Amino acid sequence: MWIDPSASLGSHVSIGRHAVIESGVTIGDNVAIGYGAIVRSGTTIGSGASIGDLTVLGRRPTGNRKKAVKPPSQLSPLVIGDGASIGCNCVIYLGVSLGADVLVGDLASIREFVSVGESTIVGRNAVVEPHTAIGRFVTIQTSCYITSNMLIEDDVFIGPCCSTSNDKYMGSGGEAHQGPIIRRGAKIGNNATLLPGIRIGEGAVVGAGAVITRDIPPGCTYVGNPGRPLTDRKVKG
Amino acid sequence: MWIDPSASLGSHVSIGRHAVIESGVTIGDNVAIGYGAIVRSGTTIGSGASIGDLTVLGRRPTGNRKKAVKPPSQLSPLVIGDGASIGCNCVIYLGVSLGADVLVGDLASIREFVSVGESTIVGRNAVVEPHTAIGRFVTIQTSCYITSNMLIEDDVFIGPCCSTSNDKYMGSGGEAHQGPIIRRGAKIGNNATLLPGIRIGEGAVVGAGAVITRDIPPGCTYVGNPGRPLTDRKVKG
Amino acid sequence: MWIDPSASLGSHVSIGRHAVIESGVTIGDNVAIGYGAIVRSGTTIGSGASIGDLTVLGRRPTGNRKKAVKPPSQLSPLVIGDGASIGCNCVIYLGVSLGADVLVGDLASIREFVSVGESTIVGRNAVVEPHTAIGRFVTIQTSCYITSNMLIEDDVFIGPCCSTSNDKYMGSGGEAHQGPIIRRGAKIGNNATLLPGIRIGEGAVVGAGAVITRDIPPGCTYVGNPGRPLTDRKVKG
């Protein structure tokens, strides 16, 4: 393992073999960091947190000729709250804030400009894109895809493999990207598809495998492709 | 690399640089372990097996305030059968048993209390949740999501990106979770969605992209959203 | 880190701690290689490229009793073009050619016998199977599954979580596998499902969540499950 001399470590910190702790990292008390984990410059890890093996924290965004990214100088360091648990083989970027007791599953990745509220779960293999805000006590299940410019309020449940999008012109340019907005306590079934910019009302329910092409009012349940209110379907069925 | 003195290695074992072999690990003959692989305490690796680079074996479950997990003391060690092949960047937990000649693709993860029968394939990027039993000569294709409390019998074929679920109340609590039960020789098309607790009969077929909301009798083919027998559809179509 | 003496490094190359550079690797000028990255024998990395932490380059295929693979001797080395950017925790095989300025996201994997044209994006967590050709300026979004024996022409856009397949007999054998053919400039919505061998015409559009079971003519838009022309749907709707 290698620890930069400028890193600040609390008491009872364990760091696995072949881990790398870069400059300016701050680690609280009673933190466990796995084998081969990479903690990039400036990252803050709260007390009682655990970081899995072979996970990368504080990654800088990269782009190519087709895809520009903000320079790292405009990004605040990664902050991981007290008691958070990060899995193995994850990749979490600069400019992310994870609240206390957040759980991030193995092989998940979270891009820059994302905030995650306390006690929220980001499942294994889930992906969160930039500029998205996620509330408290949210469950984002395994293998979900959370696009950029989304808002997910407190107590939302998103089932496994849900897919979201933010670009109704599919790469043709010309308009700002807007992901779905999911209001408090809504529940999304597994492998559902949410189109750009739709709003899922408070306490609404999306059935498994539904394709949601328009807004859902609070408390309503939509199913099917295209998604329709559950009562409609029963009448027609 | 680092090998705990209490680990037991067979003959003709190769271990890559920066790998870590913890206490009480048992490795058979003719095993190849990749660079940076992590083999946690007590893991058994059968003869002729290969383990990819940067893979984690024998991971202990973690939780947060919202999600409790069993203490590792209740979990048996990870056992990997003879001739098994595990990819790179995988994460496999304590309490897993992989049969002989099992193939696990890169970036796959398998949670605790899971058994996988001989010669079964768990594809790249696939995820298997706890308390699921998978038979022999099964194919679970790339990026599948296999939820907890599932039963997958021998000779089943599950196409890429299939999604399953086990909680019809989506996180509201109040009932035991039950995943789908897939009987011998059934075939599931790519990106199909299976709802909690449904039963797919022996030799049944689920079409690509279908959303299966009720049991499928043996030998029948269901397609569409919601999934209906193929013959119905032809008549109506 | 460990660098084989037979590797050839350009000027201004940085290599992170615990990286491994095997024999016969060629690295151009101004290349940055992350911590713990594994560069297997014979790989060529173009000038100005960047390789993320804990990524495996030039992996050899493996199989089991059920799944045979070509011996590595029939595979050409991995070639990564100038200015390409590869993420963290990726796995890229022997026999792959990535053009200049290609961007591969974190946790993506690309199998053998695949070519990717210049400036194309292969998103985070995306998976590309063997024997597939991908053109220039293509976008393959996050968590897409690109099956084997596909052709993706220039300027195609594939939204997040799209799923493709190539085996209409689902593992029963008996016929050659053929993945979809996607012609120039076509656009595929998120979480769409494409069946084996279908052809998506030039400039055609597939709606989010659609299940495409037959060929789409150039310039047409298909939505729904099963996918139908958008105009049909409006009339019936």
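Per-chain residue numbering starts at 1, and chain names A, B and C are given in the order in which the chains are listed.
Keep in mind that, in the parts below, a contact is a pair of C-beta atoms (placed from the backbone, for glycine too) under 8 Å apart; a residue touches a chain by one contact, two chains touch by 3 or more.
Predicted model, so just to flag it, every value in this text is computed and none were measured.
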**Asked** Taking all residue numbers at the subunit A to subunit B contact, is the shared part over half or under half, that is, same or different?
**Response** different
**Prompt:** How far, in degrees, do you have to turn subunit B to put its CA atoms on top of subunit C, rounded to the nearest 5?
**Reply:** 120
**Message:** For subunit A versus subunit B, what separation do you get between their C-alpha means, in angstrom?
**Reply:** 24
**Prompt:** For subunit C, which residues are shared contacts with two or more other chains?
**Reply:** 18, 36, 54, 89, 107, 125, 143, 161, 191, 211, 225
**For the subunit C and subunit A complex, residues of the former touching the latter** = 16-18, 34-36, 50, 52-54, 83-85, 87-89, 101-103, 106-107, 119, 121, 124-125, 137, 139, 142-143, 157, 159-161, 187-191, 205, 208-211, 223-225
**Message:** Quick check: in the complex, which residue numbers of subunit C touch subunit B?
**Reply:** 2, 18, 20, 36, 38, 54, 56, 59, 62-67, 89, 91, 107, 109, 125, 127, 129, 143, 145, 147, 161, 163-165, 167, 170-172, 191, 193, 195, 211, 213, 225-226
